[in-house]
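Shared chain: chain A. Partners: chain B in the first complex, chain C in the second.
== the complex of A and B ==
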C-alpha cells in the first residue's frame, strides 16, 4: 500500500470517528425518541466504516468481519426488533423535561470528552505506534457519553440507546487496539446486542402495559425509607 | 465431554418445557435436568479434586475453549446445587401462585436459560466468551425479575438491566484492553485465563491495570459492590423466590469468580495493586450493607443486602492476601451460596404464609407457620455467622487470616461490620418470628391485609419443604465437617487464586 493511500485511510478514519463523537453528543441532547434512534443508526454505520477503513489500512480480514456484522445487526435488525417488541408507538415520544437542560448537558458532555482524551493517553503510550489514532479516546468518550445519557434521560428508548452507545464506544476503541478477536466472539457480541434490544423491548412494553408510561426514569418507588404506600400496594 | 452435556442439558430442558403438556411437565423436566446436571457436576468436581483438570479443545478458531480447574469446578458445583434446590422449590412455589399454564412455561423456559448462562461462566476459558455469558445472565434473568409484572417488579427489572449492562459495557472495554495487552506482551499464547497468566509478566503494566479496573468496576456492578449496588436489593427482592435464591445465592458469586480470575494475572505482573482495590471496595461494601441492614423494611430486601455484605466479605478476604486468606475466601463463597439460597427459601415460605414482604406487618410468625419460622431463624443465624454453621467457620478463618497478615485495621473493621450486620438481621427476624403474637390473630384493625386465603394456604407445599431440608444439609454439615474432596477442591481453588 502506498504512503498516500495509507495516509488517506487514516484521515478518513479520523473523519468517521469525529462524526461518531458528534452523533454521541446528538444522542445526549436530542429530544425526539425517533431522532435518537436515527442518530444511533448513523453512529453504527460510522463504526462499521471505521472498522472497514482500519481493516483496509492494516489488511485485516477480522475487521471486515466486524464491519459487516455491525452493518447488518445495528442499522437493520435493531429498529425492526424494537418495532416488533416495544411497539412503534415509542418512536413518537418526546421528552420535554430532561433532568438537566440541554446546554448544561452538552457542557458536561464536552468535559467528559476532554476527560476521555486524558484517560486514553496512558493506553495509547503503551501500544505500538500504528495502533495510535483517534479511535481510543473517542471510543472512551462514547462509553462515557453513553453512561451520561443513561443518567440524564428518563424515556425508555433514549435510555436503551444510551446502553447501545456505550457498547459502540467500547467497540470503536476495541477494534483499534485489539485486532484479531476471533470471528465467533464478534458474532457473539453482536448477537448479544440484539438480545439486549429484544429484552429491553419486552420490558418497555410490559412497563407501558402495566404502569402506563414509558418514562422509566420516573419509576422510583423501591427505596429503604419513605416507601410506605408503595410497599403496602405491593403487599396486597 | 460431560462439560458439554452439562451445558446442553438446560438448553434442551428450556426447549422441552415450551411444549404444552400436563400441569407438572415443565417443572418435572426442570427438576430432572437440574438433578442430572448436579450429578454430572459432582462427577467432574470429584475428578478435578483428584487432580485431573478438564481441558477441551475445539473448533471455531478458538484453540481452547473449555477449561475446568479447581476454582471453576467449585463454582460449577455450587451453581448446580443451588439450581437443583431452587428447581425443586419452584414446583410448590409456582403452583401456589396459580398462574396460567403459558406463563408457567415461560417461567421455566427462562429459568433453564438462566441456569445455562450461569453454568457457562466457570467452564469457558476465553475471557471475552465469559463476558458474553455474563451478559446473558443479566438478559435471561431480567424477565424473571419482572415476572410478576407489578410496578415494583418492572422498576426493579429495568434498573437491573440498565445498571448491569452499563457495567457490562465497561467490562467489555476492559476485556478488549486485556486482549490488546496480551498482543502487546509479544507472547504467542492463547487468549485464555491460563494464557493470560503466562503472558502477564511482559504485558505493559498500564494496559493490565486499566483492564483490571474496568473489569472490577464493570463486573462489580453486577456483583453488587457498594457504589454500584443500588439495583441489587430491588432485583433480588422482587423476583419470584426461587429466582431470588439463584440471583443472590449463586449468580453474584459466579460473577465474582470472573473478577477473582483477574487476581493471578495481576500477581504475575510487577507493581499490581489488585489487593488494595479489593480490600477497599470490599470493606466499603460490607460497611454500607451492615448499616443498611438495620433499616430495611422488607425481609427479602434484608437478605439481598446481606448478599452485598457477603460479597464484600469475600472480596475483603481476597484483599487481605490471597495466599493466606484464599482458602477462607473460597470457603466463604461455598457457605454463602448454600446459606443464602436456604434463607430465601425460608423467606419464600414466610411470604406464602403471610402474603406480605413487609417486616412490620409480620409478627408472631411462629404460631402461624412453624416451618417458615424455624427456617427464618435457622437461616438468619446461619447467614449472620452464628456458630456452628458454615458461615461462622469461613468468617472466623477470614478474620484469623487477617490477623496473621497483621492487617489489624481492616480485620477490626470487618469484625465490627459483621457484628452490626448480625444485630441488624437478627433484630428483624426476632421481631417477625416471636414479636407480639396477638397482632396476627386478627383483633387489631390494621391486620385486614392478611387475606383469608393466605391463612388457609399457610401450610408449606411438600416440594418446598424438601428443598429447604436439602439446602439445610450443607448449611449445618459444613460448619462442623468438610469432606475430603471438598477440602482438596478448596485448596486447589485457593491455589488457582494465587498461581
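== the complex of A and C ==
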C-alpha cells in the first residue's frame, strides 16, 4: 500500500471517529426521542465505517467482519426491534426531559471528553505505534458520554440509547487496538446488545402500560396513588 | 508593486460589484423553491440605484454616530477584502496589515457602529434589534475565537494564505476531522453572523421578530443604500473567507499576470453559486429558531469547534 493511500485511510478513519464524537454529543443534547435514535443509527454507521477503514489499512478480514456485523445489527435490527416492542407514542415524543439544561449538559460532556484523553494515554502507551489513533480516546469518550446520557435523561428510550452508545464507544476503542479481534466475540457482543434492546423494549412497554408514561425519571420514589399529583407537581 | 495594488483594487471591485448579485441570486432561488417566480436577480442593483437617488431624512435628535455609521458599515467589508484571498492565493499589497483575526475585528467594528446607531435615534424597535444582535454576537464570539485558535493550532498560523495551503497539501489533509468539523462550525457562524434563517429571517417584515434588519429601520435614501450594500458585502466577504480559506482553496489565481487574476473571477463566482445552493437548501428546510433557542444553536457551534480542537489533539 502506498504512502498516500495509507495516509488517506488514516485521515478518513480519524474523520469517522471525529463525527462519531459529534453524534455522541448530539445524543446528549437532542430534544426528540426520534432524533436520538437517528443519531444512534448514524453513529453505528460511522463505527462500521471506521472498522472497515481500519480493516483496509491493516489488511485484516476480522475487522471487515466486525463492520458487517455492526452494519446489520445496529442500524437495521435495533430500530426494528424497538419499533416492534415500544409503542409509536414514544417515537413521536418531543421535548424529552433532562435533569440539566442543554448547554450545561454539553459543557460537562466536553469536560468528560477531555478526561477521556488522559484515560486513554496508558492504553496508547501499551500498544504498538501503528495502532495508536484517535479511536481509543474517542471510544472512551463515547463510553463516558453514553454513561452521562444514562444519568441525565429521564425518558426510557434515550436511556436505552445511552446504553447502546456506551457499547459503541467500547467497540470503537476495541477495534483499533486489536488487529484480529475474534469474530466470535464480536458476534456474541452484538447478540448481547440486541437482547438488551429487546428486553428494554419489553420493559418500556410494561412500564408504559402500568404507569402510563415512559418518563422514568419521575418513577424514582414510591408514591401512594393519592399523593401522586402533588409529587408530580413537586418534581416539575 | 503597482501590479499588486492593481490586483487589490480588482479584488475590492469584485466584492463591491458582485455582492448585490449574490444576494439577488439567493432570494431568486429561494422564491423558485417556493414555486414562485421571484424578482429578477438584478433587483438589488435597482434597489441601490433607486435609494441613491432618493432624499435622505435624518432625525435632528440623532448624533454624529447616526450619520457616520453607513460609511463605516460600507467601508469595513472593503477593508477586509484587501486582507483576505478573494481572487489570488498569494498575499497582495495590503495583506500584511492583518490576519483572519484582524479581519474579524474589522468586521465587528461595522457591527458595533450599526448597533450604536440603532440605539441613537431612540426609535423603539432599534434598541430591541440592537440588543438581540449583541446577544447573537457575544454568543458567536467564543466560537470565532475557538475556530481561529484551532486553525492556528492545526496550520501553525492565522494568516489565510498559509491556512488555505495547509488543508490541501497533501489532499489527505482535507479529510482530517478537525478540518471537517471546523467547516461545520464556521458554516453555523456564517448563518448567525449573516442573519440567515435558523437564527434570523432576512426577508421578514415584522419588526418585533427582527434581529439584524431592525438596525437599519431608521435609515433612508443614501444612508440606507450604504447600509444595505455594506451588509451584502459583509456577507460576500464572509463567504469568500469560508470558501477560499476553509473549504475549497482551488480555482484561485496562482500566477502574477492580469489574465490569471481575471480568470479567477468566474471560478470564485461559481464556488459562491454552489455555496448559495447549499444555503437555499438550509434556508428552505429549516424554520427560524425561537430567540432563546439561538443559545443552543450557537452552543452547538461552540461544541463542534471545540470537538475539532480535541480531535486534533487526539491524533497521534
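Observations on the structure shown:
Keep in mind that, in the parts below, the second predicted complex is superposed on the first by the 218 of 236 C-alpha atoms of A that agree within 3 Å, B and C clash if a C-alpha of one lies under 4 Å from a C-alpha of the other, contacts with A are read in each partner's own complex, and residues count from 1 in each chain.
The rule is short, and it goes like this: a residue touches a chain if its C-beta (ideal position, glycine included) is under 8 Å from a C-beta of that chain, and two chains touch if they have at least 3 such contacts.
Everything numeric here is computed off the predicted structure, so don't read it as measured data.
Clash-free side-by-side placement of chain B and chain C is the outcome of superposition onto chain A. In the superposition on chain A, A:114 makes contact with chain C only, not with chain B. Put chain B and chain C next to each other and count what each touches on chain A; the higher total goes to B. Taking Cα centres throughout, chain A sits at the apex of an angle toward chain B and chain C that amounts to 160 degrees, reported as a multiple of 10. In the superposed pair of complexes, A:134 makes contact with chain C only, with no contact to chain B.
In the superposed model, A:12 lies in contact with chain C only, and not with chain B.
Using the contact criterion defined above for the overlaid structures, shared-chain residue A:125 touches chain B, although it does not reach chain C. No C-alpha atom of chain B lies closer than 18 Å to one of chain C in the superposed arrangement. Note: no residue of chain A belongs to the chain B contact set and to the chain C contact set alike, using the contact criterion stated above.
Residues 60-62, 126, 128-129, 132, 135-136, 139, 142-143, 146, 149-152, 154-159, 161-162, 165-166, 169-170, 172-173, 176-177, 179-181, 183-184, 204, 206-207, 210, 233-234, 238, 292, 295-298, 301, 355-358, 361, 449 of chain B touch chain A in their complex. Within the complex formed with chain B, the residues of chain A that make contact are 122-123, 125-128, 131, 139-140, 143, 146-147, 150, 156, 159, 163, 166-167, 169-171, 173-174, 177-185, 188-189, 192, 195-196, 199-200, 202-203, 206-207, 210-211, 216, 219-222, 224-225, 227, 230-236. Taken in their complex, chain C has these residues touching chain A: 170-173, 175-178, 180-181, 295-296, 299-300, 303-304, 306-308, 310-311, 313-316.
Residue ranges on chain A touching chain C, taken from their complex, read 4, 7-8, 10-12, 14-15, 17-19, 21-22, 25, 29, 102-103, 106, 109-110, 113-114, 117, 124, 129, 132-134, 137-138.
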